[in-house]
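See structure below.
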Amino acid sequence: MFRKSLTILVGHFGSGKTEVAVNAAMGMARDGERVALADLDVVKPYFRSREAADALARVGVDLVAPEGDLATADLPILLPRVRGLCTGFSGRVVMDVGGDENGARILGALSDLLQMADHDLILVVNFRRPFTPDPESAVAMAREIEQVSRLRMTGVFSNTHLMDRTTREVVEEGLQMARRTAGMLGVPVVGVGVEAGREQDLAPDNPGCGVLSLRRVVQPPIEGPRVPRSGPLFVLR
Amino acid sequence: MQYEMVIAGFGGQGALLIGKMLAYAGMKEGKEVSWFPSYGPEMRGGTANCTVVISDRPVGSPVVQRPRALLALNLPSLDRFEDAVRPGGVILYNTSLVNRECRRTDVVVVPVAANDLANALGNPKGANMVALGAFVGATEVVPMTQVEALVRETFARKPALVDVNLQCLQAGFGEARRCVEGRDRPAAPGM
Amino acid sequence: MARKLMKGTEAIAEAAIRAGCRLFFGYPITPQNEIPEYLSHRLPQVGGTYVQAESEVAASNMLYGASGAGVRVLTSSSSPGISLMQEAVSYMAGAELPVVIVNIMRAGPGLGGILPSQADYLQATKGGGHGDYRVPVLGPWSVQEAANLTMEAFDIADRYRTPVMVLGDGLIGQMMEPVELPDERPPAPDLPPKTWASTGWKGDRPRAVINSLYLDADTLEAHNRHLQQKYRQIRERERRFQMRFEEGDYDLLVVAYGTVARVALSAIEELREQGRRVALFRPISLYPYPYRELAAAAEKARAVLVLELSAGQMLEDVRLALGRSRPVHFHGRTGGHLISPEEAANRMVEVLEGRSQEVADV
Amino acid sequence: MSSPAVLEETPAAASERTRAPVFGHPESLRQVITHYCPGCTHGVIHRLIAEVLDELGVRERTVGVSPVGCAVLAYNYFNTDMHEASHGRAPAVATGIKRGRPDLVVFTYQEDGDLASIGLSEILHCANRGEKVTVIFVNNAIYGMTGGQMAPTTMPGQVTTTSPLGRDVSLAGHPLRIAELVSALRTPAFIARGAVHTPLHVVEARRLVRRAFQYQVEGCCFSLVELLSTCPTNWGIPPHEACAWVEKNMVPYYPLGVFKTPDGGDRAPRPLGRE
């Protein structure tokens, strides 16, 4: 699904970039790879991958994000180490970039190095979000991101969901729209995300791409610890 | 014993100054005093007035609805405060600028032509001193000697003004005394 | 000490100088202009500095700077100006800086008018600006007390490292009364030294950083706990109040602060001459509010009457103190109208004779 | 390429030379890692100020005021007593400190949103009163802290997150030229603009910063140095391009130089008819 040594995840606000990035990085680490996850979200001060620091540390993912007081500072901090990751890191690197073309602007600041690195630029889309209701708006956003980041899109990741109310139809419909988006961009759909534990209910029959199980690691501050209500996660087998 | 008075006139007629001098003289006498001005839009045109309380013990309300004495330097001031004065109190008004009689019959009414008296003494600016002297004469709220000392102190830097103002003060005092002589007066504190 | 006849505003200004304040930052607004006017004249005579700021916002931030550098500093304003100052008041509360702020209240809301009012009570006593903070608030009822409390405010500010507000209605500012002031009122001997102040760092103490920014949630919560601990101390030690006619029995307890309490006192004196049993409770510290003392004072009374130049602000604290133990009645004037002694007396009689309606539940 | 002089050096002298520090840490800067992004010039400017404070020997009586902006944490970096001001009010805070303790050397460190937008009133009146403080004004044509929005100093046509089609001068006005604006005041002052996008400019900027502090130490006047700066992160271009961007786009609009010196005379126009 993510094959290059450097995977850059972009998309609109709330498309699920951070969940995809965290789960992808943790998956790579479980496969025995050396992984660094760079939190490049300089746009919003909450719901960032740095909030998954503990979970990432447990599986050995190296989180590159402002620490201590700076973790909650409303400051667009680009760590010097990120420039190092672009050139001299011996493992896999996942970059979680802030929302839409504003968040992707930070890639422009790194473009001198990124252009030379072996990378994928993946657009994460959730068509059940107001910013990208259809493939056309997703393509328009992709073009804007390409412009500010000075990079070309190399793939689309389908992440359409409705949280707890997601059904297989929602995922299937989202995947079809992702395929049309990818077609217009001239790139493949590299993967589709489904909630961990509900793969049997939700995963499309013929995805034609990898399926990534997404475990919610980062909580929006408004939600608090998630209270399980139903679903196979809690069915005793 | 507590004595409350309202001093009112046009802005510039010296009502606030008269009030301050009364309060100051009261303080010099060892009394408790408060001086409270009307302020704000009223100060521009209309009446400028202040309330002075002189008392043997700490002054309660500095705001007074029913004063024992009124000094009205012009007609609007008389119109506004005439009815507020307590029965048995004193109303002193400046006949130079008031073209009617005082309607109250249950108070001591003292008409004094403050501006005319000051003009006659060759000191047109001294009308407020005439009024102050007359008010002290009519109410005896503070001793005249204390007020005279205050005038000397106030004009210490302009000695030429001391005598002319004392003249006005005494003229007003004399006029008021002649007016109230032989009448029943409301008691003033500590006199 | 010779008695002098002084306006409240002048007495406050002179008292600040006697308390060792040599710095004033402010911006003109009626009805407190005599304070900056007086100080612009007096401060240079005593080697002090007067700065007319470009706005209340700037003035209060100048206070923040000067106080952070460890010097006693004063500002004064009136209601709309105080609202503008709240930015820095919150910062000063957060950075724990001692300053004295005088608010000579005028009628609101908005531009309102320049006439007397007590309508800033809630703003003053419940913090005033953003964030969890409180500011000790003192409400004088005479010119002499305004001077005394101003001098004391500097000590309270230094003792607890907090802004302190002297809250006067327009009458306090404008009336003249005899005042006695000490030639010099040195700071209380037991005040802590200002080792935290930014006076230039020579390595002999921790580096001074005057700041209210705490990015980490735990650190900020700990800072807030520390502030709340300080406010608890203030609530324990700094409650001030006065009672009149507390000896013997009374049917009605009147609660008022500032000059309104004097109006109430005159009314009560007159009613007592007629044999009516009325007593007066006057909070002097409005934060901390003397809740316990008020509750104790109300035990003898059948009913309580609150008088204010507002639509009922201190009323909330009275109800907080009394709960449902006593019926609470209210009389307030707004817009700049004063309460006259006769008006106050009439309301007291209404309550005594059962012709007044208790304040309804909010 | 090695010079003959080095070849002729004795081994002892050579050893001494290699051990002698040629580039140390200024005493006025704390030895901590800053939060500034790669390619950001805040660090350079911090260093210039620190070097000047060291040189003038005033570190122990200096108090700095940090702004709200990317340099909000500057109080962690300077090795002096510091105040953190609310947004835009640093000149008022500095006024309070200096009037309270005239013996202190007081400087504010401010950025374009802080100084040129919300704090425009404070800076103009501080300068106009002639407060004897030093203002270091970092102009990078964008709001850095809040994530790249338009600043009063954003260039015409410059794309930011709140001017997505480029700054439209018919709607947002033209960029504010602070050095020019403040130097129009009649009160004597030292007002200059420098830049830090090339080593040569850094050397020149250091001279300006030094002069600014020197005037204050001598009790002479208010001083302000505007320094054109970079923001690769929010501009979205690599650091070397950001430096080139300053030269190409900012320097022509924001001319470098000294705008006002305290002895510069009166700039007021002559009365009409007496030309």
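We just call them A, B, C and D in the order they show up, numbering each chain from 1.
Rule of thumb we're sticking to: a contact is a pair of C-beta atoms (placed from the backbone, for glycine too) under 8 Å apart; a residue touches a chain by one contact, two chains touch by 3 or more.
Model, not experiment: these values are computed from the prediction.
Excluding chain D while holding all other chains in their positions yields a single touching group, one piece.
Chain-level centrality, scored on Cα centres against the all-protein Cα centre, points to C.
Computed centre separation for the pair chain B/chain C is 35 angstrom, with centres defined by C-alpha atoms.
For the pair chain A and chain C, the distance between C-alpha centroids works out to 56 Å. The centroid of the Cα atoms in chain A and the matching centroid in chain B are 86 Å apart. Inter-chain spacing, taken between the CA centroids of chain B and chain D, is 65 Å.
Of all residues in chain D, those that touch two or more other chains are 72. Contacts with at least two other chains are made by residues 70, 73 of chain A. Within chain C, no positions touching two or more other chains are listed.
Viewed as a network of touching protein chains, the structure does not reduce to a path, ring, star or complete graph. By the definition of touch given earlier, these chain pairs are in contact: A-C, A-D, B-C, C-D.
Of all residues in chain A, only 68-70, 72-73 touch chain C in the complex they form. Those residues of chain A that touch chain D in the shared complex are 42-43, 66, 70, 73-80, 82-83, 102, 105-113, 148-149. On the chain C side of its complex with chain D, the touching residues are 23, 25, 49, 51, 53-55, 57-59, 61-71, 73, 87-88, 91, 95, 198-203, 207-213. By the touch criterion given at the top, residues 35, 37-39, 70, 72-73, 144-148, 161, 232-242 of chain D touch chain A in their complex. Those residues of chain D lying in contact with chain C across their complex are 59-63, 65, 72, 75, 79-86, 89, 92-101, 103-104, 121-122, 124-125, 129.
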